[in-house]
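Look at the two complexes coming up: chain A is in both, with chain B in one and chain C in the other.
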Partner chain A sequence: MKIKINLNERSSDFAKEVEKRSGIKVKECYQCGKCTAGCPVAYEMDYMPNQIIRLVQIGARREALTSRTIWLCASCITCSTRCPKEVMIAELMDVLREMALEEGLANPSEKNITSFHESFLNSVKKHGRISEVWMLNEYKMKRPKTALQDLAVAPQMVVKGKLSFVPHNIKGKDAISRIFKKCKPK
Partner chain B sequence: MGKKVGVFVCHCGTNISATVDVEKVAEEAKKKYPGVSYATTYKYMCSDPGQKLLRDKIKEEGLTGVVVAACSPKMHERTFRNAAVKTGLNPYQVEVSNIREQCSWVHQDKAVGTEKSIDLVRMMTEKTRKDTSLDAIKVPVTKRALVIGGGIAGIQAALDIADGGNEVILVEKDASIGGHMAQLSETFPTLDCSQCILTPRMVEVAQHENIKLYTWSQVESVGGYIGNFDVKIRKKARAVDLDLCTGCSSCWQVCPSKKIKSEFDTELGNRTAIYIPFPQAIPSKPVIDKEHCLLYRDARKKNIPPEDSKVCRKCYDVCPIAPVKAIDYAQEDEIVEVKVGAIVVATGYKELPNNVYGEYGKGKYQDVITGLQFERLASASGPTEGEIRRPSDGKEPEIIVFIQCVGSRDPAKGCSYCSKTCCMYTAKHAMLYKHKVHHGHAFVFYIDIRCAGKNYEEFSLRAIEEEGATYLRGRVSRIYKKGEKLIVLGADTLTGSQVEIEADMVVLASAMKAQDDAEVVARTLSIQYDKDRFFSELHPKLRPVESSNAGIFLAGACQGPKDIPETVAQASGAAAKVMALLSSDELEREPVVAKVDRLPPPVFSTCIGCFYCQRVCPYGAIEQEDIKARDGSVIKTVARVNEGLCQGCGLCAATCRSKSVELAGFSDEQVYAEINSVEFN
Partner chain C sequence: MKIGYYPGCAITKGATSEEYGTSVMKVSEVIGPKIEEIPDWSCCGASSAHATNHKLSTALSVRNLSLAEQHEYEEILAPCPMCSQRLIISQKDVQDDDVLKREVEDAIEMPCGTNVKVSNYLEIIKNYSMDEIKQKIKKTAKGLKVACYYGCLLVRPPKVLKFDDPEDPQSMDEIVRAIGAEPIDWEFKTNCCGGGFTLSRPDVVVKLTNDILEGAQEAGAHAIAVACPMCHANLDMRQKKIEKEYKRKYDIPIVYISELIGLALGLGAIGLGLDKHFVDTKSVVDAYT
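Up next, the complex of A and B:
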């Protein structure tokens, strides 16, 4: 792998941009690797968590934003909790995900995850909470290949009352929509 | 009056002249400043010809005040004042206006720099016109030193001072001197046995005719000032008469409380209730641990004096000293008062305890030990007689993991600093382990390897290249127990992978922290400490062994993490400072001290006795003085400044509500004159 750094790509601004958007002081990371050491999903990642921070530090925008790692992060926050420098790594992954989507750099091999995120959020937006049936419906429409996945458990869930075909709305849905409005990317 | 002030503007090569038009500053001074009768510039005022120019002009022009516009007064104020003294001018009539650090170095624009320099020089000229002649304060010197702490730092300092022919009082809070160095197994980078090189020094202390040793003692209070400290030492009751006891060992052999965790063996071994911490202890005389001793526990429970308890008197009964036994249950704390001229603080450090990291088991895994505990395991005098064995089951660990930077470089856990010694001692531990367990595997997790010292880099490479320790670059995230094994979850950032090791034992290279009572000691001595509670040196480069309180010096890890060579060097440095101080009969001190006014009766002083000054004084220099009538009745209580202690910081003068305190050389009149001379646009 070769990371190219030049003025055209304004690579050096990347770290600053991420710091500004996230409020996380990426430069404070001294690469001890404790985040990687404790990460429960690192075995699937293309870059280790500490390497993602390193990519941000050295301004490798493309490499960081196209990585699979940012989508695989399960936001368990073990890394942020144990970080000696109190760098909020899991939170940083969130910001990188946002940036990747905005810039159309999200890794195509992790489309399932992005679609799942979208379906989840859409359900929350509509009902103030998730409606399992309709969320999965939307997700499986978006990703037809997953249509049959996990379908076998559906009857059991219906029997146990875990799947409701009528979505429940929460009280104060307007507050939720205000949150969505406020968080809308400008 | 009409003081004749001379202004000398220094170019400092181009340091000043590149950003300040020095000629213009001199011209302005001569033309416009009242009182200036002479002004010139010179390339280097601090050079010999520069000083000669100063002396010549003082004589030729009959100058009665001098302003040198140059670098910070911290650099050359003394140079110029000494030059002036040779012409007969009072040194405190010479002032330095800082146009380098506070002007030329911080500006780029020459017009701005010149303008500011002109202002600065004008201000200093105004102050100089109101300067009064001051005489140095003379204080007598008590030719005796106090050394607090009997670790290697204190031992070295005490021996050096004592060898120089001065009396030394060495105070140690534990039962024996030796400190942490006595606990170590081998020392880097030579791998020589720590006790073998330390114990001869300890014996020297005990035998030295100039050293008075107080173990099991603590400094209670320190009053006075440089050359004249009044110290109270509390000799804690050890229940053993040091003069009578011969250290025959009968008492601790019969003591029935044998399962007390030994502090010296980092709780890996046991000791008795009456004990000496280790075989080579100095003095080799025991102390009774009153918390655990059956007799004292019984006495506490029944609320009777210990000598009346009959529960267990085995040590007393067995003591062969006659007719008066050396064991004295009724012994009480004793306060010793001494006068000393100088103090060396060598109170050492504390290892970060094992229970700080939840992810490393919070101290509940017996086989996760600290660096100091490993030292005891590896030590020939330790609980396993030098064999590396797991504390839990006594098995020899076949895979051992060392984790560096535990607590150090970890702001989330409270220390942001590097403990400096861990890289080296971990390399040493890996080596000692490989020497003792030939078939074992040693893994070291590190973030950076910092081995900057003579032969240090070679030593750490030896651990990797010759001794076969595997170094992994990364921190450990978690340790958990699985059966008999400890699973260590780490990372190797160089391969970008997670590493999981099934280890038998884990050694944490725990940080060096300031002693728990560092703040108390600092307050007792009126010295400053930093954010990590290590004592602050006066200047990080040029005054590394002096504390913020004149006459009190620092040695060893109480000032910051340090290894043995560095500690010894600093201790000898502190000793040299003490000897220089004790070599003269009288001390000359800067007369820049505060003074509380005194007036004729019936006012006596404008001081209203609020003692705000006493509260703000960082040096404890403000005393309360009773002004008494002839019959001895107190008319009023006012503040007085102890000139020996005062460092001239001016806090009291700034705080005083009745304007009764004035700092010599920085009177209100002078300071206001300076401020008023600035032309505000």
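Up next, the complex of A and C:
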């Protein structure tokens, strides 16, 4: 695969910035490709995991932060576990996702994934715990095209008592909303 | 010693996978250890928090460790591996980073719970209840071949979780052997099921779970045992869709390890929640005599 890199946007401090934020030593990677070989979702990614590391190493900030790969990483941590140089690749994906959101660069093709995260966290913010029906409702409103995809299992879920319509509110839910306020990204 | 119980959102009463929590509690009444729910626990933030906001993820998890310490628990059981993994990683992150620790304490308005030990379900059974199981076992399932599926979160990252072998774990296999069934050797023990992508990228989940089901079937499994509500939901609730999409017939019951222990102890299948699964579990229940 050929990667086109916009050299004007190169920022050699990118790897340092990532390391400062997370302690992850991106420069240790010697591109053996073991992370990619074991990645269960590599087949869907636009850049392979080792390529994401390379992009960070050479300071191709925009390419890394706008990639679909960072969102498709399932956080299974197989890559970090097997890396011979102990580069925390799965944890690197977390940092890149966080940076992509802060800079408004999250790839719109993976909007289902980012919308899911938003709906999930909004439910926690509001109730202190996940309330499936409420989270699902918000997610389906945000991503109407996904509305039909889970219909096949929904009736059986109701019959088996797997969908509770009562929100799971905790007593300390105000404390939870204060946590969200204090942890708001800058 | 009393152990604090952190069910987490997925397996608490009224949640999608409540049968895991129910069977964990029923089994603990018979073979211990005594567990008590941590009052007013909150969500650990799961993958959505750690994938988008490290500080938030750490604060949401650590709040529960702090609550546990306030209630004087030295150890807590988090049967959901997403929870146990997040709680353990967050605890290590605040132990290692004073700046983060101060920020988290400011957010949760409590001192960080840095001492309480967090254990997953397999650890609790292995450390406290193996002798009890051997003494109280009432039924065995001779010839029931069980594929022990650990998934990702019980064993990775190994340096932080320090639990079992990340490529070929054995703790669930030992429990299955102890309750008179036959753990099989297979290749997909710690493969990923797609976890939290079940709603956002079900296509990925269907592919990954098909690989796992195919692996279990080829290895001759009669059932797959799990200790994770996400693994269970993906393998059980999506199994019909997987079969349709890949034109395969699996019909493999997916059972929680706590349900299998319960059956061996002679507890009723319905009380353990085995009627709540999508794939019929009758073949597993009937195997226990």
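Just so we're on the same page, the second predicted complex is superposed on the first by the 162 of 186 C-alpha atoms of A that agree within 3 Å, B and C clash if a C-alpha of one lies under 4 Å from a C-alpha of the other, contacts with A are read in each partner's own complex, and residues count from 1 in each chain.
We adopt the following convention: a contact is a pair of C-beta atoms (placed from the backbone, for glycine too) under 8 Å apart; a residue touches a chain by one contact, two chains touch by 3 or more.
Fair warning: this is a prediction, and the values are worked out from it, not measured in the lab.
Model built by superposing both complexes on chain A: chain B and chain C fit together without a clash.
In the superposition on chain A, no contact is made by A:M141 with either chain B or chain C. When the shared chain is aligned, chain C comes close enough to touch A:N112, but chain B does not. Looking at the shared chain after the overlay, A:Y30 reaches chain B, while chain C stays out of its contact range.
With both structures placed on the common chain, the touch criterion links A:F180 to chain C but leaves chain B unconnected.
Chain centres taken from Cα atoms put the angle at chain A, between chain B and chain C, at 80 degrees to the nearest 10. Once chain A of one complex is fitted onto chain A of the other, the partner contacts of A:V158 are absent, as it touches neither chain B nor chain C. Comparing chain B with chain C, the partner in contact with more residues of chain A is C. By the touch criterion defined above, A:T78 reaches both chain B and chain C. Measuring only between alpha carbons, the smallest separation of chain B from chain C in this overlay is 5 Å. In the superposition on chain A, the residues of chain A contacted by chain B and by chain C overlap at 78. By the touch rule above, chain A contacts chain B in their complex via residues 30-39, 42-43, 47-48, 50-51, 78, 82-86.
Chain contact summary for the complex, chain C toward chain A: residues 9-10, 12, 14-18, 40-43, 45-56, 59-60, 63, 103, 106-109, 152, 156-158, 166, 190-192, 194-197, 199-202, 204, 208, 237-238, 240-241, 275-278.
Across the complex, chain B meets chain A through its residues 359, 405, 409-413, 447, 473-478, 489-493, 496-499. Residues 22, 40-41, 44, 72, 74-78, 80-81, 88, 90, 93-95, 97-98, 101, 112-118, 120-121, 124, 128-130, 132, 136, 139, 146, 149-150, 152-153, 156-157, 160-164, 166, 168, 170-172, 175-176, 178-180, 182-183, 185 of chain A are the ones that touch chain C when the two sit in their complex.
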